[in-house]
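Two complexes, one shared chain (subunit A), two partners (subunit B, subunit C).
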Partner chain A sequence: MLSKDLIMRLLVQVGVALAALAVGALLLVAIGVAPPDALHAFWSGTFGTPTNAGTTLTQAVPLLLVALGWILTTRAGRLHVGFPGQILAGGSLATAVGLQCGSLPGPVAVVLIAIAGIGGGALWAGLTAWLWASRGVLEIVSSLLLNLVAIQVADWSVRGPLQGSLDGQPQSANFPAAALWPSVESIPGRTLSYDVVLLPVCAIAVVLLLSRTAFGFRLRVAGGNQEAARWSGIDPVREGVAAIVISGGFAGLAGAALLFAGSAPWMSDGFEAGVGFNGIAVALLARNSPVGAVATAVVFSALNVGGTAMQAQLDVPSSLASVLQGAVIVLVLVAAVVLHGRTRTPSAAKSAARRRSGVVVHSGARTEEA
Partner chain B sequence: MKTRPDSGPARRGTGTGASALRLTGVTKRFGSFVANDAVDLDIAWGEIHALLGENGAGKTTLMRIVTGLYTPDEGGIELDGEPVRFRKPEHALRAGIGMVHQHFTLVPTLTELENLAIAPAAVPWRNGLTEARRRSQEVATATGLRITPDRLVADASVGERQRLEIVKLLCRGARILIFDEPSAALSPGEWDELANLMRRLAADGHAVILISHKLSEVFSVADRYTVLRRGAVSGSGTIAEATPDHLVTLMVGDRMADRPPLPAGTPGPAVLTIRSLDVARDDNQPAGPKALQGIDLEVRRGEILGIAGVAGSGQSELVEVLMGIRPALSGAIELAGRPFTHRSPRRFFRAGGAVIPEDRHHAAIVPGMTLWENITLRSLRSAPLNRQGLLDVRAASAEARRLMNEFDVRADSENLPIGRLSGGNQQKAVLARELSGNPALLIAAQPVRGLDVRAADFVYRSLVAHRERGGAVLLISMDLDEVISMSDRIAVLAHGRIQGVVEAAKATRANLGALMTSSGEAL
Partner chain C sequence: MRTKIAIVSAVTVIPLALSACGSSGDVAAADGTKNIGSISQAPRNDGGFTQFGLAGVNAAVEADTNLKLSSIVDNAANSQEQIQGLESLAAKNQIVVADGASFNKAVAVVAPKYPKVHFILVAADLDAYAENVTSVSAAVGYNAIVVGAVASAHSRTKKLGMIAGLQVPASGAWYYGMAQGAALENPNTKVVQTYTGDYNDVGKAKQAAEAMIASGVDSILSDLDSGSGGVYQAAGGSASPADVYDVFALHCESSPHIIGSGVVSWSDILKNAVSDAAAGKLPAGAISYGLGTGALRFEFCPGKGTAEEKGLVEKITKDITDGKIVADKGVLLPKPTYHFEQR
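Our next item is the complex of A and B:
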């Protein structure tokens, strides 16, 4: 029963990948590039050399962090899309702290910057959480709107308080070397940041948090049935707030990672680069499994990096990568619907029918009681 | 549509008209449960016919058949002497049968006229407002029922909304009107108005079916009655020849419970004390009508106190206040010897309370989580299963397995999602969870609802065992047999007041039923 589900799931995921490849091949043919050439360029650009593999893995980290935030909030029964804003908030605060860290020893600076990133993201998410918990504003709406606010705030800060380059560009001063997150020195170009350890560590931490801690348990109860949570002494609002704030912390850490483990050692206004929403797609593609999200984050990162490589080598527009990502997202949604329909049809339809007849049996009593 | 309201056949008073609606041998089964058992019902034009019966007696099912929500398994329906078969509610409505629901089907943000105009239109772009205005004026001249067309429904009182609901049905050509517990939401003055209206509709040639628990209302307006008990007709006749006692006996029967009475217990000191508790019906309107008024209750150690009463008498409010989910207006509660003033579910459990909620799916289980997680839903969150925030998962599932064994929860594995279990096993899992902490007070709200006989029996025995161990049980049930056979003492709750507390040994269905129904006048 379970293994059948699993096989079905894997088949659908392979199907999504194949369909995405087919879409990509069609597009390539349409713009006059031979798919084998493109494939070669894509491979060498993503995993073909240690340098490129390092880039791919490093860029997967922010995606995974956002995905983990999404997974936590959905487990608590909440749904917010404020990751871009939280990345910007976390990145801005991390930049503000990082620029002051020049004289500190490396490890202290790294930890401080990470904490600043987490704090910035959590604070920004806290606005959403507070609006929801105390004012009843739907978190999906407020988080979406706060993204727009965060974009403006980040724009302003790189033109104002954080502006640091001499020629008046909208970007901060270069981060001090001590503040940059360390990377593996043996790889040419030092593209592999040590923060890739966050990939397995954070995924496993989220798994353990959800399954092995009282906090995670309360979170899942609140997300599984709000009313039952209330009736057993769990405050679903508190758990929802906690989940939103923690997910903001993850997104803020992603913002810090984007800047301090990225290719450019400064903050510019566009550093978020779509990671916030792509992270959601990463989680959806992994069907909200933290461990699965590690793999899908690498896939998404590879699409990004490989798209750039194809542009460099074959003059394929890099927007092709975005098109492919879009195609994957749509296909994942389709697959989710297909899977949902499939797992429902045999067992759930029957139980739904049973439930309905159950309701009918008591409905006489129930309506009269009302 | 054969006839329109203005061309309806007989139009003479009190029950002497030609047959409007005749049901013969109508049977409806849900699985093995027979909701309606060969019911015969005869409604005449121009009469007010009362349909009486306890909860679950089959009144609502019968009316759902009449209004086309259900199709009967056996038996036939005749309208004006011609057999009809409704497959959809629209069919019944088109044939002139309309129901005034307990919960109105109005859109509060629209005006009264706009509400009248909500109807499946023949052509989607036609504006129904003119037509609705014309029809409502026709209805006003025919019956004297006037609406305020341009007022928002949200601004109308409950009585006015009910009137609008009736006008809506009349506008659509309803000739047989079914009122489902119409007085539930009304003040006494509004009820008098409604009673007059029903009489006028009947005098006008319409047929009126009144579903009610309140005998006083039935005696004040109805011409004839039909009583259902356990899905079958237990009696019918004219109101003029009936007495309240007779109707109560028909409703509740006079046989005694088949379960042997509880052995006499030895109650100890009070575990739960409630003093002059007042609770608003709507949390947001403390000045509004009250759901509970002046409640004084005491549940002692080693005692099962039953709360009897028709549903909606304030039982769920009582449970929610005790749990701390709903605020009280005034009054004092003591739990396990300590004042229980700042109430919350957490504090309730910490003070030694436990609860089997009435609505299992809604409030008691998390269907998507495993059986063991549901069984340890509360114990998992405190020591020893929770050590500084870290869960001892292995010990928790072992504990769950032990409880599954003790409480006879049947499942292949404790790792199954509880949503896949049968209702009986789910309820036993809830019972296991709530009794495992050996609570001082267990609130059991309808604990056997929807369970088969064996599972129900297990729940009963567990409650009694808990009582033998010195626990206190507050048993809330709509089933008189259950309350009588399961309780040491029985408090009768009606219209938010305790109407009396009866020792179980002296309780009969008849005297409890009389307390439950006859006291409607007090309000």
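Our next item is the complex of A and C:
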């Protein structure tokens, strides 16, 4: 049975989607494109064929992984934006390993590459965590600046040690076939990678981690009230470091997935493709719900893929998809404000009622007034 | 928890199920019209490489009523977007122009899936031969030799600079060619290079040019698109104005400091390639356009260049086409191992 709160949240999500559609339709009309034509092009480009649906779902995986990383860190009370850098670090390390995996059995190579991606992202996030825990550097600042460092390191590596294009382009050599993550053979173009199983598996794993484990409980307590956590014997710094590093692992895995599960089996500069920040938007749209993030990751992926299809078929500017994504984020923020106001009103009423009955709740300590 | 698992499963499975209702999507022209699609990394109105390439495609369309430029995809910055864009275009066009060096691997992935589509890859070669791909490139290094010689002759400080967006082989060819040409004119002339990371970022270009001018450079080759505006601003803003040399086209009206341009007529090259492809006369493999075709040439702005400098341009150009000047290492892009044609 769905709770009233869940129904309300679902209704808000549907409302946001409808409002975004309305904004999109207005923009399309403004540039002289008939919305039904655009909708047809969008649908055919995203889910109209198994090939395109495979692309859409495969590209949703990195977005979801980043979103899950963001959700974990925010639950622990930390806020970092280092996902682009962690994707680049994870992808670069995965590339370095993947290029050497040509002679290994496929499953071994896939696991090694995934571990390399996770390790690269976690190590890069570890720098942010270390700066915060030991030097007091705000993680949002250090992670943002480390993104710039990661971009330069990745640019250098693809022009230096990892460069493998015959005509000297900033691209690695093509990955060996054994290193590529397997995909569904029955779909033309093999656009649907089996890493799509990460969508439900990772979302459920994060839900279980947060709700059913002691570690998840400590994360939530540390994120909810640091002082209370300390009094309970929980070290909020340790939990914060763990959350940042784990989120880096998710982002690193996203970097590996972008390269080894996609249809472009090589590393080039710019392979991160905005996934790091879009993943944050995916989490925000889902209101930091791991389950909701699965749906919003698919929506964002569809906006990206469908945007290209609309451009190719109807000459709709490529920036329209970005505008729509921005509109969705703004609408979500508006919806959050609406929901917040709606949930605050009853509690405020309850507080007033309690005051009238002589019961005062203050900072977690319950006292009776005479 | 069961509800959450059900929701997650539904969200993952429903799109796949819906996709099964779709059609396979390939569209072919039935009235004899040949549709052309074009994809680029930069905006279509970048004032440089992409815009001139599109102008060439449009010129081919205007010359042949059976051709139609049906689709344009621009701003395809990363490999995934490039592959998506190429596949979208290949599904409804007979000729697809991939306008930029970064498309080499993406074309290699997509072209085998669409054997009936002729892909024209611009400014790069494939790693391996494909029967439905022709790469067309310009031997810009030859042009750079001429620019380097002229700039060296015109320079007071004998220190030249080259600013480009990305450190890709084509930009390297401008630098190495410029260095070779400058050395031909004066062995003591020095050439420095800087990459801004973006062909269209005016601010970065201005900063790079100002830094060069501050270090004594008085002549700058701008291998940029709309980012060249920053170079013009820097050249006019310093106490001792610097000379600017453009690439691809003449933009003399943009700044009084522009001396001339190593014109690379991508418009001519693309018009030629698209027309040949439409007529079924464009061979698969690689075609390089040089000074001999006229697609590449050095041009002065009106009122610029002395008689000696104009004579120098003619002499260097002739020596290159006659084979008396051989390109140094890095001036020309590596030749592919498969069918190659120098025009």
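As a working rule, the second predicted complex is superposed on the first by the 342 of 370 C-alpha atoms of A that agree within 3 Å, B and C clash if a C-alpha of one lies under 4 Å from a C-alpha of the other, contacts with A are read in each partner's own complex, and residues count from 1 in each chain.
Note that a residue touches a chain if its C-beta (ideal position, glycine included) is under 8 Å from a C-beta of that chain, and two chains touch if they have at least 3 such contacts.
Bear in mind that the values here come from a model prediction, so they are computed numbers and not experimental data.
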item: First (subunit B), second (subunit C), both or neither touched by A:215; value: first
item: Residue contacts on subunit A - larger count, subunit B or subunit C; value: C
item: First, second, both or neither for A:136, with subunit B first and subunit C second; value: neither
item: Partner chain in contact with A:227 - subunit B first, subunit C second, else both or neither; value: first
item: First (subunit B), second (subunit C), both or neither touched by A:56; value: second
item: First, second, both or neither for A:313, with subunit B first and subunit C second; value: second
item: First (subunit B), second (subunit C), both or neither touched by A:270; value: second
item: First, second, both or neither for A:48, with subunit B first and subunit C second; value: second
item: Subunit A residues contacted in one complex by subunit B, in the other by subunit C; value: 211
item: Residue ranges of subunit A in contact with subunit C within the complex; value: 2, 6, 43-45, 47-57, 59, 155, 159, 165-171, 174, 188-189, 192, 196, 199-200, 203-204, 207, 211, 258, 262-266, 268, 270-273, 291, 294-295, 298, 304-305, 308-309, 311-313, 315, 318-319
item: Complex contacts: residues of subunit B adjacent to subunit A; value: 30-31, 33, 35, 55-61, 102-103, 180-181, 310-312, 323, 325, 344-346, 348-349, 355, 357, 362-369, 373, 377-378, 380-381, 386, 389-391, 393, 419-420, 423, 449-450, 478
item: Complex interface listing, subunit C residues touching subunit A; value: 1, 3-5, 7-9, 11-12, 15-16, 18-20, 22-25, 37, 71-85, 87-89, 92, 101-102, 104-106, 109, 113, 124-125, 127, 166-169, 172, 197, 333-334, 336
item: Complex contacts: residues of subunit A adjacent to subunit B; value: 211-215, 217-218, 220-221, 224-225, 227-234, 351, 357-358, 360-365, 367-370
